[in-house]
Structures are given as C-alpha cells and as structure tokens.
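In what comes next, subunit A is part of two complexes: it sits with subunit B in the first one and with subunit C in the second one.
Showing the complex of A and B:
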C-alpha cells in the first residue's frame, strides 16, 4: 500500500471538511422555518419564541453563530440538539454504529447474492437461467424499498415468525436477528445494482485472451474464475459498491423507518424537518468524513485489484 | 326426582356457595407483575414537566409525576391527587390544599409541602417554559406542615384544572438541585435523563429513538383493587416504531401489547381481529381549517375571507358527514363549536353548520362573489390525512364556486408562514392540555398574543366575556358566558368546523385497565396483563 498516497488522501479530507462546514451552515440557515417555532409549535407566543431564540443564541447574527460553531468544532464539540437537548456527539455515537452495522450487513448480503449469481448469469448467458436471474433482480429493483421491506416483514416476520418485526435488539445476536430483514431489503436492492455491472464485466473478461490462456494452461475452472475472471471483473463493481455504501450510510432512512431502526438516517431526516441545526450540521460533517473514507478504501481496493490503476 | 333431605342439602349448599365465592374472587383479582410493551410512533424529547414543549412528552409525564389534583377519566373535572383535599375561600382568592400523609418520591424520600412550593414556583416562573400562564393567577405559594396555601391575584375558576396539568407536577427540590448544571435549564436537562418523580413509574433505561423502560415506583401512594400499591405492572417498555404498518404488524404478532395512533383507515380491520381490543378513546381533538380573516393577505392582495358571509359560505358548503366517512372512516363526529364536545363547558345546544350548498352560493352572491372565489390552503407535505381532507374539500367547495389551491409544505415552513400570518388557510388540529375551556378559547377566540389562532379575528364582546369568565367562580354563570362565546364565534365563523376524532389505540385482549383520557394522557397506573 502506498502510504504517502493514503496520508495525502486523508489530509484531503480537511479542506473537504471545511467546505462542507461552510456549505451546510449556510444552507441549513437559508431554508424557511426555524427550530424554535417548529419545536414550540403554533401556540407559542412571539415572546416565548424570542426568549428561546435568545437562550439558544439563535438571535445572534449568522456570522457570529458561525464563529461560535467553528470554535465549538475545534474543541471537538458538535453542539447540542435543540429538540432533544443532548449533545450531538452523543446522539451520533448512539446511532451511527446501528447504521454502520446495517450498512455492512446489507453490503455483505448484497455481495453474497450478486457475485455468484452474476457469474452464473454470465456463464449461462442468454439461457433461461440468465433470464431468470436478471428478471428477478430487475423486478426487485423496481419495487420501492418501503414496499419490499413491508412485504418481507409481513411474510417472514409476522406470518412465518422467522424474524423479529423491526427494532434493533439489545445484544449482538439480537442485532443480527433484528437487522436481517432490513439488511436483506437493502442487500437485494444493492445486489440488483451490482449484478448488472458484474455480469457484463464477467462476460467481457470470459472472452479475454488471458482467460483463454489460463484455460489452455490446464488450470481448473474454479481457479480460472476466482484468480483471473472475478479479480478482473470486480474492478468496476468495487467502485459501484463504494458509491452505494456511501449512499447507504445516510440514505437508509426509509428502511430505518419501516423497520423501526434507531439509525442516523432517521435522525437526519427528523433533524431536517424540525430544523435542528446542530444535528443537521454535525451529521453532515460526519457523513462527509465517512463517505470520503469509504471512497479512499474503494480506491485502494481498486488499486489492489488492478495494479495498473495508479495511486501515486 | 327424589329430593335430598334438608340435613344433606346443607354441605352441598355450602360447597356451592364456596365455589361461587371463589370464582367471583378470581374474576375480581387483578394480575400483578409483568412487562407491558407499548408501541409509540415517536420518542419523547424532554421529560421536564415545566420546560417540555410537545405532546410526546406531556402524554407520558403523568406516569412519572403526580400533581396535587388529577384530571378525572372523562377529562371534565378534577379529583384529589397528592393533595387529599382543597378548600377555596369565600372570596375565591385563597386556596388551601392538604397534602396526603406519608407520600414519597420514587427514591423513598418524603414529598413535602416545601417540594410543592418549589415545584409550583418553578412552574409559574415567567422565564420557565411555555406553560407558566396556566398558573398566572397565583400571587404566592406558602408551605407549612402538610398544608399548601395559594394566594391568588383574583378568583380563578381554572386553577383546580391547572393544578391537575402536567406542568404543575410535583418534583423533588433536593434531587433536582443536586443534578449537575449551573442554572435551572442545565439542571433540568441533566435531571430529565433519568427523572425521579412522584408518579407510578420511573425511568430505568432510555435509548433515544429506540426504547424507554419505566419501572414501577415502589413508594407510590395509590392503592389498587387488591389494596396493594399501584401500579400493577413491574415494567413498562415503550418501543419507538414510527411506521404505522410496522407498529400494527408487531401488535398482531404479539411482540408488543399495545400500539398508539392506529390509522383510522385500519380501525375496522383491527376491530374485527378477535385477538385485539381496538379502542377509540374520546378525545378533545378537533380538526378545522384556520382562515386568515384579515382584509389583505401578506402579499397585499385582497382577501375575500375577510367577509363573514364568505366564511359562513365555506362552512355551509362542507358535507361533514361525507368528510367523516372519507377521512375518518366513520370514527369522527361533526364539530359544533370551536371546542370539542369533551371540553368542559362545551355547549351541547350549539348547532354548528349543516350542509347547505344553496345557502353557501347565496351567501357568496350576497358578498359580491357570484362568480366564486379563488383561495389557497397550506397542507403538511407527506401527510396523507391532510391531502385526503383538502382534496375532498376542494370538490365540495368547487361545487359552490370556491376554487381551492392546495400548497404542500413541510411542517417547519408551514409553521413559520403561519406564525408570520403569511397564509390564507391552513389545516388545523388541537387537543386540550388542561381540563378547562380557557386554554382553547384563549387561543382560538381571543385576539391576545396569538391573534385568535393567527386568524386576525377579534370580537369585542367575546373579549369582554372571556375576561369575565376567567374570574367567574359560579359554574352556572361561567357556563352561560361560554355559551355566549361559542354562539358568537360560530356565527362569525373565523374557522371552518370539520370534525372531532378519537384517540385510536389497539391493545391485546389480555391488557386491562389502560386508558387515554381526553387530554391525551396515557394512564398506565391501573394497567395489568391478564394471564
């Protein structure tokens, strides 16, 4: 691994962090509505709203509020949720592991489904096997996530009683059990996206000269498939996987809502709707860093698979 | 048939009597213990009785904190709580409350009159929270022994109800002050994480957004049917399940024993489920359309809704029976007044508005709008209920020449525009927080700080009647005043009356004793799980 490259990429997160910090602070204050009125509701008098704004420092000029925000950040403090009155870092600390667990679980299921089925579809291309696999995932991709999730909950959870209906559980074995259905929902979606690209890549690689040569050398099919075909076919799929994992980290809100999972997706959407500025700002910064790290890992994996890809 | 001789009948009779007594005893015996899991649609935000802002907190605070007086189950009156009795002086300016002996907080420390004084002083402090006005009439609180004396600025007929409201909860001064923090707000945040209160339960675990566990307060003062201390349950777990379908699925699978906010479209289905008890608790919830009554809208355009005839026409053009079937699936009932029929001093003689499209057209014509009017209403984006309601109204109003444009906005934007009076109409809903009509009347019918629900409506007679009613201690006279207020308001039609809806809660059949009172409070103190 090129250490200098990794360090350089990590340092690049700093300007990204700063840019996101300025952008999100500006954007969140530009949208109509404010956290205090939204929290206190229609009935609160202007006097009560004004007092609450003063207590929260929201009556200060924006540039002053931004300065205070930056000073807080430099002390590692993301502020306090206006709605929940607890530190944002604590909220993220409680919810992020849940979302990461779900994301990794979903990615694992997605890869477990996509890789063998894509290879099978490629090997059996233009046969009924290929058509069935592609058709199944095409259909799955066209189903809205909330609908698919609800159907899985109803069938596998409520009717057959195989899995708990939503929630996160209290112990690690319970987390695996509770998160299976939501991970399957997301994983099926992810597998559908990966399968198309991977199938095409495998077909392309299967006809490559080096694969013919490997076969001609007398290598076993399993060795040809894993060491030569898959390794090369996965290159473009890894990039796609990285992009999708990045999206999953903050975007699984529908799944989190349907399955009652206390993750950051739901937290972010609730915070946006209630204009809970500190939570929106804090979460966006964390997402930016996480997504940057995911892209770094993706690029490194890409380079590992394809030494021709420079990471200098 | 040969009859038994009398001396042989006696043991049989005794045995039969014993068996009867045992079975009656068994049916009366309440099952104690166990954990009830209740599905909530959203988590609480801040469990401080004085500084909280939302129904999400209010409706479960009564399980953590008791008040001096408590609302009755029908929400229309009050009964003794931590105070066993209260007496009002002849001039109505002094209230003396007698504390029950031996009452304790959940940590076993005694609840004293000093705690009462501190709690009420904190609740009525104008710098604390949004509810201090409910205790506005109190000039001072004095505590001595087991007596608390409230000296009032003026007679206040709503005070007993105010003392039964969540923000008057009795907290421990010592425990609160021991919480970390430099000021009241900071201490409140720390204390609210795991409050030690005076209610039937206490918080034992809280994972925000996921679950909250309450365990029984071993020192609670109230007794159950079996003479032992309430509550019956050992623990109460709230699971946060935002999706309605998921909440219902979990209930049907038996993973939870109760679920709140069942969509009204699913009520009939769950009523038909033999494993469930689908309850529709009477509520104070009213649904209306709030109209801007001002001559001009915020953008300077002339507002046809400033004419009372137009507003009356809007009311006459609504077929409430059809709306109730369409939107509430038959569970609602028409509004007859701006307040619900469960609100104390609701005038049952009020007729509200019937469905009369011909009259609506005639009123519009008389107001100079023979060719109809164009109006717009804000709706909450993503709310299926709002959309169904406004789409139905669009059809009904369209039939009389009122052309409605629906503006879908997210809650924060809708609230900001509403508070800035930058709207023509909006969907509105209200539940009472106090078992007294003064709160809803002060908001909807009185100009005050919120400009009569931001409608801009002002009627000098109502203003005068309201001030009178706030100091009228005779229930008969006060009823008369509120009758007049309701009649004038209805005739002036600042809002469009729609319907009242109940609180839909579904429970497993073995859950007994749960009640949601019209104010919305979820009462679990007498809840038990039958085996």
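Showing the complex of A and C:
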C-alpha cells in the first residue's frame, strides 16, 4: 500500500467533513417550531422567550451561528442539550458505547451465520440446500427489523422468559444477555444482506482457475477451502460490512427503540420528538463521521488485502 | 436500508434468449393480488377499517373476525386489507422520483458532463456518508411527521443509487460500437443518449427499482412504527404493528398480521426483482 494513496484518501475526508457540517447546520435550522417556546410552554412571556434565545445564541444571524458552531466543534464542543441541560458530547459519550456494543455484537452474529451458510450454499449450489438457505434469507430480507425484534422479544423474552426484556444491564455479562435479542434481530437482518453477495463471491472463487489448479495439484479439499475460498470470502465480508455500516446504524436506531436500549439511536428518536436541536445535530454529525471513518478503514484494508483496489 | 446493488453489465442489443423463472411468475401473481386489494379493498372486507366497535374489543381470531379485533374493536383483517393501498402507495411514491431523476441525471452526467459529473459525484459522496435512515428521519424531523414529508425526505436521498447504476452503465455503453455509429451518423446528442444508449443502459436501474420498492415499504413502515410516517388512525402496516405492540402478550394478532402483510409485500417485490434480473440478463 503506498503512502501517496493513504494521504490522498485522508485528505479527501476534510472537504467531506466541511460539507457534512454545512448540511447538518442548515438542516437543523430549517426545523419549524421554536424550541425555546416548546420548552418553556405556553405560560412563558415573550420577554422570557427572548432572554432564553439570547442565552442559547439563537438570536444571532445564521451565518454567525454557523461560524460559532464550527469554532465550538473544533474545540470538541457540540453544545448543550436543551432538554437535559447536559453537554451533548457527554451525552453521546455515555450512550455511544451501548450502540457500538450492540452493532459489533450484531455484526459478529451476522458473520457467524452468513459466512458458513454462504459457503455451504455455494458448494451445494443449485441443490435444495442452496434453495433452502437462499429462500430463508430472502424471507429474512423482507422482514422489517422492528417487527422481527418485537416478535423475538415477545416469544423468547416475555413468553418463554429465556432472555431479559429490553434494557442494557449493568455488568458485561448482563450486557451480553440483555443485548442478545436485539443483536440477534440486527444480526439476522445483516446475515440476509451479506449472504446473497457472499454466495456469488464464493462461487466465483470456487470456479476460478487458481482454485482448479490448487485442486489439480492434489491439495485436499479442506486446505483449498481454508486457504483460498474462506480467505477470499472474508475479504468480501470486510468490504460488505463497510458498505453496510449505514444500514447497520439505521437498524440500531430502530432496534434500540423496540428494545428500550439506552443507546444513541434511541437518543436520536427521543431528541427528534422533543425538538432538541443540539442533540439531533451532534448525533447526525457523529453518525456521519463514524460512517466516513469506516469507509476509510474499509478502503485502506481493502487496498492492503487487494493491491488492485488502489487504482480506483 | 440495505446496500446491495444488483450491478450487471448489459451488452448492446444482441439477440437475447430470455428465461422466465417461476419466481417471477409467483411474484407477479402476488403483486396482482396486492394491487386488487389496494384498488378494491371493500370487495374483501366486511368491516370499516376505522370504525370502533366497543362490543368486540381485543377479540381473538374467529370466523367473524379472522384476524381478530384491536383495542378499539376495529377488525384487524379489514385494516390490513385497507392498509395495502397505503403501503403500495409508499412503495411507488418513495421510488418514482429517485428512479426518474437519478436515472436521467446519471445518463446525462455520464454522457456529457465533465464538471457536472464531478459536482454530482461530490454531492453523492456527501449523501452516502449519512446512514440512510438517519438522514431520512432527520429530514422528516425538520419537515414534520407524515407521509408527504417522508416522500420528500426519501426523494432527496434515494436518487443516488440510480445515479450510480445508470452512470456506470452509460459510461460503458457510450464506447460501444452502436453508440459510436449513431454519433457518426450525425444524430443529435439528445437522440443518441435517449433513443440509443439509455434503453440499453436502464436495465440495472429497473432491476434495482424492484428491490428499492420493497426497501421503500420497509422504510415507510419503520417510520410509521416510530411515529414519523403515516399517522394513526391510518391503517398503515407499520403504524398497526406499533398500535399492537403493548398487547403482544395478551392479543398477539393486532401486530402479527400487519407484520406478515409487510413481509409478504417485501417478498413480492424481491421475487419480481430477482426474476427480472434473470429474465433481462443476456445469455451468451
């Protein structure tokens, strides 16, 4: 991997982040309804509303507000939540680990399901095993995350009592058991997305000349599978996971709402309903930065694993 | 919400041997059923989807109410069938603008646009860095909850996939011999693009349109569930799942049937998408 490529790829991030900030700032300031009046209620006089607006800096021209916003951002300050009176960064800092835990857990379950099944479907392609695996995941792809979550919650949580109903727990073992159902929900959905593409990429490898050659020179099937087929399948999985990080975050927003998990997804939905500008703004920014970084890491990893990718 | 784009290259108008798979037929039959339910819901439903019946609250499935009744005594079967119209409308209206706009923009920027291509490319980079659902709910939050605002939000974001697909395809087709020939014959650029290249380059976008319709329904239902899409008492399937979520243990039928309807609609569009992909893919 040459340094010029890495530097070029890193430099591309800067204008992107600037554009992200402009977009987020504009978006949030188009919100109808005045957050201050909403917050203070009907009994607030105009004078009180004006004073609150002044304190929050909401009376200044938009361009000045944007300048202040960027300067504050560069200081690592995302503003203060209007409703909770807590710095947004601290709020996100407290909740982000929960969401990261959930997404990594879900990605793990998703990969654990998708990779072996994709290899199986590819090896047994065009048989009933393949048809069954693909049919099952086709169905899974059409199952809305919130609905699957609700059904799993009711069946395995409420009726059978196998898992805790929602929440996050206090210790790490508790996190694993509390987040199992939500992670399974997200993981099944992710597996359905991964499976289709993985299956065709495994078939491509299985029919490639170098695999035929490996077989022809007498390598055992197990060696061919682990050294060539699985290795390549994992490269595709990394790329696919990177591409789907946005979908995974979107899924986390819904799953956290269904399972009442105190992560950033639920924070976002709550903030939207209570018109908490700074929180929505901060979260959208954090999500965009997160996705951009994952794209970057995926690109760099991909370039490292497959030198041909640098040209693109 | 997901990002699997069925990318495939289509070689110019060579004779194609088309295969119609049974999945496509099944998908189309299911679609016919959904369209009938959407157009003539009253043919299939004995009850009004919104009338309360306080004498039949939270009743389980019976011959009179095959899907049971909800906490207001509304007939769940009637609501699910009437919901078909809303959810199919969501499928069409979340994809129509992105498809038309994205495809045309992709064709034009690939065919002619040096700087335009670069500008649109940067905008697309900006859009994809936001998780799709997050950006859509942020826009819906700005505009206010409701179906119309949801369509606006999805349109603002959803064109990027079509732009990418068509742009790549037109870039490839532009160099094909038939396209070169049309240009040499002196046809206007608009004619070469719209009459010659685009018909050969639009297949991936059409196949993706089917996948996107099922994604659109899922998205619309998800927003309905969160309270940001269709508003109660509209019998939208996502809203209905949310209506019944507090009764899951005591009255499972309220949420379960609309959720199954959602899944069925999703399966329908992805069957058609897969079938179309197979049917339109050229065979050597």
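In this section, the second predicted complex is superposed on the first by the 272 of 312 C-alpha atoms of A that agree within 3 Å, B and C clash if a C-alpha of one lies under 4 Å from a C-alpha of the other, contacts with A are read in each partner's own complex, and residues count from 1 in each chain.
Operating definition for what follows: a residue touches a chain if its C-beta (ideal position, glycine included) is under 8 Å from a C-beta of that chain, and two chains touch if they have at least 3 such contacts.
Not measured: the values here are computed from a predicted model.
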Contacts of A:291 with subunit B and subunit C, given as first, second, both or neither: second
Partner chain(s) touched by A:141 [first = subunit B, second = subunit C, both, neither]: second
Contacts of A:129 with subunit B and subunit C, given as first, second, both or neither: neither
Subunit B versus subunit C as contact partner of A:168, first or second or both or neither: first
Touched partner set for A:150, first subunit B, second subunit C, both or neither: both
Subunit B versus subunit C as contact partner of A:46, first or second or both or neither: first
Contacts of A:193 with subunit B and subunit C, given as first, second, both or neither: second
First, second, both or neither for A:104, with subunit B first and subunit C second: neither
Which superposed partner A:158 touches (first subunit B, second subunit C, both, neither): both
Those residues of subunit A which subunit B touches in one complex and subunit C touches in the other: 31-32, 150, 153-154, 158, 257, 273
Touching residues on subunit B, where the partner in the complex is subunit A: 45-46, 53-54, 127, 130, 185, 189, 192-193, 207-210, 239-243, 245-247, 249-250, 252-253, 255, 410-413, 415-419, 428, 443, 449-450, 453-454
Subunit C residues touching subunit A - in the complex, by the definition given at the top: 1-4, 122, 125-126, 128-135, 137-139, 141-144, 214, 218, 221-222, 225-228, 238, 241, 245, 248-249, 252, 255-256, 259, 262-267, 270-271, 274
For the subunit A and subunit C complex, residues of the former touching the latter: 15-16, 19-20, 23, 27-28, 30-32, 138-139, 141-147, 150-151, 153-154, 158-159, 193, 196-197, 243-247, 249-251, 253-254, 257, 268-269, 272-273, 280, 283-284, 287-288, 291-292, 295
Touching residues (chain side subunit A, partner subunit B) in the complex: 31-35, 37-49, 51, 55, 83-86, 91, 94-95, 150, 153-154, 157-158, 161, 164-168, 257-260, 262, 266-267, 273-275
